[in-house]
Amino acid sequence: MAQIVSLAEAVSRAVRDGDTVAMEGFTHLIPFAAGHEVIRQRRRELTLMRMTPDLIYDQLIGAGCARKLIFSWGGNPGVGSLHRFRDAVEHGWPAPLEIEEHSHAGMANRYAAGAAGLPFAVLRGYNGTGLVTQTESIKQITCPFTGEQLTAVSAVNPDVAIIHAQRADRAGNVQLWGITGVQKEAVLSARRSIVTVEEIVASLDPRPNAVVLPSWTVSYVAHVPDGAHPSYALDYTVRDNDYYVAWDAIARDRETFGRWLDEQIYEVSAGSPA
Amino acid sequence: MAQIVSLAEAVSRAVRDGDTVAMEGFTHLIPFAAGHEVIRQRRRELTLMRMTPDLIYDQLIGAGCARKLIFSWGGNPGVGSLHRFRDAVEHGWPAPLEIEEHSHAGMANRYAAGAAGLPFAVLRGYNGTGLVTQTESIKQITCPFTGEQLTAVSAVNPDVAIIHAQRADRAGNVQLWGITGVQKEAVLSARRSIVTVEEIVASLDPRPNAVVLPSWTVSYVAHVPDGAHPSYALDYTVRDNDYYVAWDAIARDRETFGRWLDEQIYEVSAGSPA
Amino acid sequence: MSDYTADEMMTVAAARALTDGMTCFVGIGLPSAAANLARTTHAPNLVLVYESGTIGAKPGRLPLSIGDGILAQTADAVISVPEIFNYWLQPGRIDVGFLGAAQIDKYGNINTTVVGDYGHPSVRLPGAGGAPEIAASCKEVIVIVRQNRRTFVEKVDFVTSVGYGAGHGDRERLGLRGRGPRQVITDLGVLTPDPRTCEFTMTALFPGVAAGTVRERTGWDVAIAAAPQVLPPPSAAELAALRTLTASPPAR
Amino acid sequence: MSDYTADEMMTVAAARALTDGMTCFVGIGLPSAAANLARTTHAPNLVLVYESGTIGAKPGRLPLSIGDGILAQTADAVISVPEIFNYWLQPGRIDVGFLGAAQIDKYGNINTTVVGDYGHPSVRLPGAGGAPEIAASCKEVIVIVRQNRRTFVEKVDFVTSVGYGAGHGDRERLGLRGRGPRQVITDLGVLTPDPRTCEFTMTALFPGVAAGTVRERTGWDVAIAAAPQVLPPPSAAELAALRTLTASPPAR
């Protein structure tokens, strides 16, 4: 059964130095407030996993929380580069960043295998690409029926999955809708999980295109309105596209980024919108 | 784009002698009317595939349409045996029936692999069971990362998938909800498909727990109200539990079954409730 | 004679084995009755998972089929059949799975496939359904089956679902991750696996059942505990709750 | 000078390549603009599939991100990300996929991963995203990219997405089931693969583009068709429709 706690408490209990952490949300429902709380609690040596690192991991990487990044597309969507990510890879600042790189299809299948309790997944992919030679978690596999050569990717089972959702009920059942990405798989593949929600309600009425995560699959639920900002929660908030554009200038420069970190993260308390 | 046609026309165009046919619907939304039309059009030498053969395949087998059955649970749910299925396996009546037998997990994964364009799926299953030695489409596979031994099942790609759904719109987009079983996978794994529907509407408003099959994934849509009877279509019809009970006596005896076939199938026209 | 049936006694015994908050993979028949009895009595937060893809179903009346509308309408989540097996059963998320049996041997291996030779069966049974993976992947399994020599056999004609295979250590060797059948609940009492050999031993009896009856109705030389527990008969409250569930017209 | 931009010309050329009823895997930027332009002009039944899991999205304004709410709100179906790749892209259901490129070679192989050495890149690019499987599995691929020597290179620093590999027959050898890139649309014109060698050849030019300019802005010794087609400039109607889409405030 999920426990309903504050965001600070959820992060403090669930995320430990050295953990593998998956914060998921495909453009929609990105758990920014939780990411900021991880920075605020100064977690270190994390292996960060996420299909699209986006601003949230640019911030965690720049803040020095990460030792390694597992990902499939690391850009600022519609804007350009993730400068903190690039600075870490290109110049080792603030610390060298090990990378493990996949395609979206590969990452999605790795989560699905983790959720399914399998050690690997099979897909048609990667053949002929440079990713095969750079990434240990990609191997060839032969179909035992046809002899065909396919690709296997190893499963992921993060220590903690963190997602943002529209609602939970008081028992801790979680409901999200709209573009739900790979969040179900992330939570089901993880040992522990945190879900921040826009709203806690008495009961969850069924919704079109909704994913429900029963309370017994979730560790902690925290009530964090606007906890996806500058991403959004369909039917609650809108995407702050200007923020994504403005981030480019903030992240481009180490000092500007440092000031942002002080002013927007370290000097404010958990759950405040950044 | 799906064509909206009569049930007789859909079956006549999509189902050919010798085809592999998957009629799916997990207790809910079983496409009985379409099955009856296949009997009525006297299709022969079919390989019938279905997780739970249920009454629908008992009827097709008894009517002599089937050469082979691929399945995972062949009973009359909550009632007992499928007597026509048993008569075919135990006594070769009306014709010998080859069987290819799986577990539910295995069949579900075979459809999923077929829908995904993969030649096989991987699962934890079958180890230590007698199914492994009786079924060619089950083999061991080794995880290329951990060395663990798992089970592979070959994909299925039926010639035709037939399902029943609550609604379609005039463009042939199909919507079903409630217990949706393995129907999406069945349609996406098949070369051709027929969907019978309770209702054709101007547009499909979103529904909780709904699966939508876009028109371009479906070959034929036929308007067949109560086309799942004695199964049901949630929010349209109720399950005729008495029919399932009554079937036991009808199917137990070859002559009684023959009379049922004449009176309820051959002497009535397509789409009439049986 | 007692004022309850053998089925009622078995159902009540199975319900008692369930504790509040457990997740439970349920088939139709006695398992569904037992799980719903537990949920409406001592285990209100029992999570019922049906292989039709309904998680957290809370039917007010017993469903007649595994895919009754009431299961979808009262569930916390309704998902596809591939997902229920892959994401929910396979990874070992489910605490307890119930199984029935046409034949069961002393190591709890179960046959629901054929009586006789597979190629030329004297009785063709329904087959596997979800059972092999329930047997493999639930944290533990409870078997509910009437005890007689036709069913309790030295060697099953076909292994549909694995109990302890050929005995201790076989589950590990086969890579089965659940702990296997922890109880076989019959109309005579309860058998549990010997901790050393995994052979099922009659360790509890319903009131008035004699050791001789157990031997008479078991097809192998069954071990009976020196001092078998005597199971309390169904209480008036248990019987009333069960009869309310079963007396209702079947859920549509 | 012309009264339209290079981006507009490229977008219009890409839109023209789409026919009604096609299914189209779309990324953000020019591909999304092109697909939506086609949908709002000559191809009203074009099916837009975004990797965020929206099938049949019909945004009235151009989305800024691949996961904008308007895509889910206007879609025929919204599904999970694993499903979009496994059930929809991988089996070859999608007619056309669009790709961009940081580098592209004469066989249409694409790099969006690194400039320089993988271990010590001079520029770390965003990486693969959905591109490798779009390149592998869509029935055909259209690449949209500005033509210059930094981008059009003899050999890409990293193969993120496979075009024709080392040339004719390589896709088959690699087991890639889609036909590969059929057009590379640039700000100078369109390159198509030579039917024999699969080397990309400049077979169409925008009005006023000289062969010399093509050679100047291509990093390999590019073949130019003897009589390249001259592409008609964007029509007033095409430009108006495109500007309506792009002038709207970004979809939220």
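Note that the chains take the letters A, B, C and D in the order they are written out, and that residue 1 is the start of every chain.
Following the convention adopted for this analysis, contacts are C-beta pairs under 8 Å (C-beta built on N, C-alpha and C of every residue); 3 or more make two chains touch, one makes a residue touch a chain.
None of these values were measured; they are calculated from a predicted model.
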{"item": "Chain whose Cα centroid lies at the greatest distance from that of chain D", "value": "C"}
{"item": "Equivalent interface to A-C, taken from B-D, B-C or A-D so that over half of the residue contact pairs match", "value": "B-D"}
{"item": "Length of the line joining the C-alpha centres of chain B and chain C, rounded to whole Å", "value": "28"}
{"item": "Rounded Å distance, chain C centre to chain D centre (Cα mean)", "value": "56"}
{"item": "Cα-centroid distance, chain B relative to chain D, in whole angstrom", "value": "40"}
{"item": "For chain A, residues contacting two or more additional chains", "value": "117-118, 123-124, 148, 150, 184-185, 209, 211"}
{"item": "Multi-partner residues of chain D (each touching 2 or more other chains)", "value": "86, 90, 137, 177"}
{"item": "Touch-based graph of the chains, sorted into line, ring, star, complete or other", "value": "other"}
{"item": "Interchain contacts, given as pairs of chains that touch", "value": "A-B, A-C, A-D, B-C, B-D"}
{"item": "Footprint of chain C on chain B - complex, ascending", "value": "26-28, 51-52, 71-75, 77-78, 81-82, 85-86, 89-90, 101-105, 108-109, 111-112, 123-131, 134, 148-150, 178-182, 184-185, 209, 211, 232, 234, 238-239, 241, 244"}
{"item": "Complex contacts: residues of chain C adjacent to chain B", "value": "28-29, 51-54, 64-69, 71-73, 78, 80-82, 85-86, 89-90, 113, 118, 121-124, 126-133, 136-137, 158-162, 165, 170, 174-177, 250, 252"}
{"item": "Contact set on chain B toward chain D in their complex", "value": "1, 115-118, 173, 184-185, 188, 211-214, 216-217"}
{"item": "Interface residues, chain D side, partner chain B - complex", "value": "21, 23, 45, 47, 55-56, 76-77, 86-87, 90-93, 137, 177"}
{"item": "Contact set on chain A toward chain B in their complex", "value": "117-124, 137, 139-141, 143-146, 148, 150, 152, 154, 206-210"}
